[in-house]
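When the chains are written out, they are named A, B, C, D, E and F in that same order, and each has its own residue count from 1.
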Amino acid sequence: MTDTTTSAGSRKDGRTLDQLRPITIERGWSDQAEGSALISFGKTRVLCTASFTNGVPRWKSGSGKGWVTAEYSMLPRSTNDRMDRESVKGRIGGRTHEISRLIGRSLRAVVDMKALGENTIVIDCDVLQADGGTRTAAITGAYVAMADAIEWAREKKFIGQRSKPLIDSVSAVSVGIIDGTPMLDLAYVEDVRAETDMNVVVTGRGLFVEVQGTAEGAPFDRSELDSLLDLALVGTTELALLQNAVLAGPAE
Amino acid sequence: MTDTTTSAGSRKDGRTLDQLRPITIERGWSDQAEGSALISFGKTRVLCTASFTNGVPRWKSGSGKGWVTAEYSMLPRSTNDRMDRESVKGRIGGRTHEISRLIGRSLRAVVDMKALGENTIVIDCDVLQADGGTRTAAITGAYVAMADAIEWAREKKFIGQRSKPLIDSVSAVSVGIIDGTPMLDLAYVEDVRAETDMNVVVTGRGLFVEVQGTAEGAPFDRSELDSLLDLALVGTTELALLQNAVLAGPAE
Amino acid sequence: MTDTTTSAGSRKDGRTLDQLRPITIERGWSDQAEGSALISFGKTRVLCTASFTNGVPRWKSGSGKGWVTAEYSMLPRSTNDRMDRESVKGRIGGRTHEISRLIGRSLRAVVDMKALGENTIVIDCDVLQADGGTRTAAITGAYVAMADAIEWAREKKFIGQRSKPLIDSVSAVSVGIIDGTPMLDLAYVEDVRAETDMNVVVTGRGLFVEVQGTAEGAPFDRSELDSLLDLALVGTTELALLQNAVLAGPAE
Amino acid sequence: MTDTTTSAGSRKDGRTLDQLRPITIERGWSDQAEGSALISFGKTRVLCTASFTNGVPRWKSGSGKGWVTAEYSMLPRSTNDRMDRESVKGRIGGRTHEISRLIGRSLRAVVDMKALGENTIVIDCDVLQADGGTRTAAITGAYVAMADAIEWAREKKFIGQRSKPLIDSVSAVSVGIIDGTPMLDLAYVEDVRAETDMNVVVTGRGLFVEVQGTAEGAPFDRSELDSLLDLALVGTTELALLQNAVLAGPAE
Amino acid sequence: MTDTTTSAGSRKDGRTLDQLRPITIERGWSDQAEGSALISFGKTRVLCTASFTNGVPRWKSGSGKGWVTAEYSMLPRSTNDRMDRESVKGRIGGRTHEISRLIGRSLRAVVDMKALGENTIVIDCDVLQADGGTRTAAITGAYVAMADAIEWAREKKFIGQRSKPLIDSVSAVSVGIIDGTPMLDLAYVEDVRAETDMNVVVTGRGLFVEVQGTAEGAPFDRSELDSLLDLALVGTTELALLQNAVLAGPAE
Amino acid sequence: MTDTTTSAGSRKDGRTLDQLRPITIERGWSDQAEGSALISFGKTRVLCTASFTNGVPRWKSGSGKGWVTAEYSMLPRSTNDRMDRESVKGRIGGRTHEISRLIGRSLRAVVDMKALGENTIVIDCDVLQADGGTRTAAITGAYVAMADAIEWAREKKFIGQRSKPLIDSVSAVSVGIIDGTPMLDLAYVEDVRAETDMNVVVTGRGLFVEVQGTAEGAPFDRSELDSLLDLALVGTTELALLQNAVLAGPAE
């Protein structure tokens, strides 16, 4: 009866309401970065690199603690219509800032800064192709890149053999309500039609790091909120398993 | 046993866990703006103005619909340590962008753009003094300013006598978990110690517009999330009553 | 016979030619700043804060002398038509720069930098509502804020008990010629019609710090210049008395 | 007894107190501009061009009136120590803005915008070498450039044969008090030592356009102000004669 | 005897002096752009997209001619050490500008703007991984992307069936002198040691579009210049064949 | 038969194909800079200054080597139509960056940084009037300014008496093909009509520092490239002689 679901409750692209798009993670894509992953959520493709450097920004110096930060950006033609480059415009837009901050907070939530020691990890998430869910793909891929950068640092003895900077894994997924129906992992055509859109960041143990729900159309009630959280946990559970499987395999 | 609550469960400033700070709304503070409110959440003071202009941005032109947007800013010495002005730095920070966008979305959620017609309302929220909760005070005060700007426009015949652009009221409050205890409307000293911090935007009818929860310290579980949402609704219910009372009184 | 004066020589708002608008100074408005004042010249309202910090900019370091600087800004809806924010435009306009520099010079003229020692005072003057004369109100209010910041520093022992950094007080007023008639303290409706507009900054002892006269319409002759200076001194004498009275009263 | 004057009351460079530095005006220096002048006040050299274009900025369109505006800039090595370029810094400083605005106002004061018609004159004053008094040299030279641009426009029939856009000439000079002694046309070594510094813009008929006096050191009294104005008029009278002589000569 | 060549005249990576690195072109990499290619010159990988839009910039409007322009950028971690993003710095560096302009000119050299009609092609070349020769890889890949975008436009009837906007193909390669020996297609470790570095852009017919030779170390003589040009033509001849082969194959 | 040459093979301005425009170099034009030259290539006039400072940028510190850098800019009315100032636009254009970098590289090619010691020379080339060939005039004049700055430093003992930082001279000229005919030193009217345009930087010994050839219209073949290089060497040989003659004469 609607544009995105069939009468049988499945979606335009054949998925069920609680089904992720095909997820692939190409670990170690970059020859340059200490850790990297090219992640796909369907047609959404994000190149995530983790740059490890010894030392911390001045305001952290002497604290014995490390630092993790992130930057997100979209290539100008990652989208259906070409966007102007933020470097050309000379200023970074609010959406970019917002997502960079979200990624940074999400990753910091699973890092023990004391165990990391006075080292810095800069995460770069560059969207090569966008089809909805770029921020959630970015967080999910960035975790893999960061894990590899930390292993690299352990081998290079920048962090101790017994230090465990990673206290948990982290992944993220979007959920939304379209024509009154909650759905998991929205593609772009679904995202633009959603009344409510929520991004949820969850650790491997199933704890919440971020819950960002927005009524794009009609405000939502408590039971809708609960349904969305349920769906999100289905997705992040699956993503956490995939992250573990990828990291358990051979590094490229 | 902690810095912010006494053994009796009340807080440093004597409030109970589900108690708002003293809220005051000085409606019509500005002689220039079509609508305005100077709102205080305790020591947090935000000047909200609503500027009504006939016409819409080019990309809305001809749609028959109106537009509402918002800008948030802090005076450099609104805080305990003076901050550099963003105009002097030549760029707007990510936090400012994020909050401006949040305020705009929150207000648009209660406006029927068709009923507003091709008119634009620009909300300015300038923090004169900051003590935690500036974005929630801003949303709560901005609603009052916007309501008056719409009345002004009705009198000036920019919108029809029977048009009802306001479909609901909207207010916002922060909640957080400190030393494991959920609390309502955090003051600055509480906010910096919170493990989890959540801003909740709710309509007068009790529907959610935005839920933004962030684990600043430890990730949170589903039952903590539920407790925070319960507390938030206590606060926004009270704020909605206050907004109505203020708007029912004489305009200054 | 004109828009701003009646046949009896008084003005639209009932003032005589040499009469200031009602002046109020709310000392200690801010809970955050070391010194502050919310000053009104009629409907013009400026929030002035003085931020005192120990230490000086690098280029002053080791000189044994202090530094005083100022920043002026207008809220976007302080004026009748909303102005774009300079932070959004990404650059500060010439007028803003000019006034910030004027305020800084005016205050430095009454400070003995040696007696201030290696300390810095940053003055912020934010126009909450504008109705002409914002720069003169800013200077007049900033002096009160600065005086309190210096007292604060004396109590905190950042400056010696016997040091007297303030060598005089300072205030400012605008004067102008409208339809050939010189007038004191122009409100906005008068300002836009003035042929000549002059801002005069004067110390408590009656000495000139700044004289900035501009022929907006017709150039002016020597006798007109003299009349304007006479009028300005009437105003600054009154302002100096008010500043003293406010500072002699109890600090809030 | 001082650095800048000898006991006989003359100055380091041999001038008397009311003597200008050697002034030269090379009219028509540029092959490109509609009007131009390379002016020297001693070692201060400013290249002034006047660019005439048919039409006015949008906000003037349809008014039947013209527009005159100015931009001032210093070459990076016009000064003794090299300054960073404002284009490289990405922002224009307050001083540059201030002087550009002063030059624009000064020239507009002698132009009948109605007689100019819907045409625009942009004045560029680029300081090739700086030795004090750059803004006054700029105004004085810019008048000559503008007069030639208007003649060019008359020949090209952009303005009518009988239109008289120039209602007067305009020139400017600095005066200051050094060691208590008022002096005319300060060179850089004098300027940095001045207690009071004043820039005065005067029309050919002897009327004031701008009076900008600043106490850099000690505040000044009314009689000092009067002496400075007297001296300034000596200078601008001489400059006006020189401008007339140059413009009466053959155009290059 | 040197770091980059063995005694047998071959190079560190086993190539002969006139041998290109392995070149791969993944045509149609992007699902969003009208034309695209992911090109590799060894470890250098550049994503090239061509965005076709109907219409031209205002300054071309009505000319009956089209426009082609290009933007080049490097991902922050495309290099061995992470670089700051130009969007974060708020300004584009000289090198980026220079290369963007070079790519644009190179592609325009093989386009008949009349045959293109009033349509615009924007080329984006984003370096995903850098190991020397990024600008030459960008030009070579961009040609393939542009050719596909033109075919797309022909199918969509934005350009006529018989119009031939492409008058030739274009590719580019770097050459350099290292320890006195000229070499083709420098990898990064070779590039940093080159005394002379030259980028040469050549059409499919073997004509020069750009020759940019720079003495990084010692200036070079005429015979060295000739050797470099000979080598470059070896490379571009091979690249042209590869481009043709790729475009003759099936579009993805 | 063409706009720029007569049937006799000479050009509009009477020059032969291999003839430079009248070149003048006014050495020591500036009273402020350590070295300076006002150079003219016909109507093109560029003011070149060399600012010598003891010390080097941080990234060179401790290397025992010096640094030379350059900045190029055009006055807004140096051209036939007034251009906007880059300081006003808030960003430097690609062309300006490109030329600044070219000048810097060209001058560094003839400086022995070890002999210069830890000193910095900043070259400023400001185009006062533009008629084609501004970058080549800038390089040619900048060499003279730099040579004088080095002599100044030797006198001031910033560099040793026997140090020889200058290992060669350097000059530059443009060449181009117009209507199939190669020509030396293009004036603006020739430049805009050139099919191919080349800037060549050559040392006094006749070695190439930069060769930058661009097909503005049709691509060019090897023999055309050879003709252009031949012509360029005619020009730079003459310019080198002139530079030597000027530097052999008395410093102003």
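Please note the rule applied: a contact is a pair of C-beta atoms (placed from the backbone, for glycine too) under 8 Å apart; a residue touches a chain by one contact, two chains touch by 3 or more.
The structure presented is a predicted model; accordingly, all values stated were derived computationally and were not measured.
Novice: Just tell me the minimum hop count from chain B to chain D, counting one hop per pair of touching chains.
Specialist: 2
Novice: Using the contact definition stated above, find the chains touching both chain D and chain E.
Specialist: Neighbours common to chain D and chain E are F.
Novice: Fitting the CA atoms of chain C to chain F, what rotation angle results, rounded to the nearest 5 degrees?
Specialist: 120
Novice: Farthest chain from chain E, comparing Cα centres?
Specialist: Greatest centre separation from chain E goes to chain C.
Novice: Where does the B-C interface recur among A-B, E-F or A-E, taking recurrence as more than half of the contact pairs being identical by residue number?
Specialist: Looking at which residue pairs coincide with B-C, the repeat is A-E.
Novice: Counting only Cα atoms for the centres, state how far chain B is from chain F in Å.
Specialist: Here chain B and chain F have centroids separated by 60 Å.
Novice: Quick one: report the Å distance separating chain B from chain E, using the average Cα coordinate of each chain.
Specialist: 52
Novice: Please work out the Cα centroid separation of chain D and chain F, and write it as a whole number of Å.
Specialist: Roughly 33 Å, centre to centre.
Novice: Measure off the straight-line distance from the CA centroid of chain C to the CA centroid of chain D, and report it in whole Å.
Specialist: Averaging C-alpha atoms per chain gives centres 28 Å apart.
Novice: Quick check: what residues of chain A touch more than one other chain, meaning two or more?
Specialist: Within chain A, residues 90-92 contact more than one other chain.
Novice: Report the topology of the inter-chain touch graph, choosing from line, ring, star, complete and other.
Specialist: ring
Novice: Output the ring sequence of chains, start chain A, direction chain E.
Specialist: One full turn from chain A through chain E gives A, E, F, D, C, B.
Novice: Enumerate the contact residues on chain D facing chain C in the complex.
Specialist: 91-95, 97-98, 100-101, 105, 109, 168, 198, 203, 205-215, 218-222, 225, 229
Novice: Name, in rising order, each residue of chain D that touches chain F in their complex.
Specialist: Checking each residue of chain D against chain F gives 30-33, 36, 43, 47, 49, 51, 53, 71, 73, 75-80, 82, 85-88, 90-92, 96, 122, 124, 126, 128-131.
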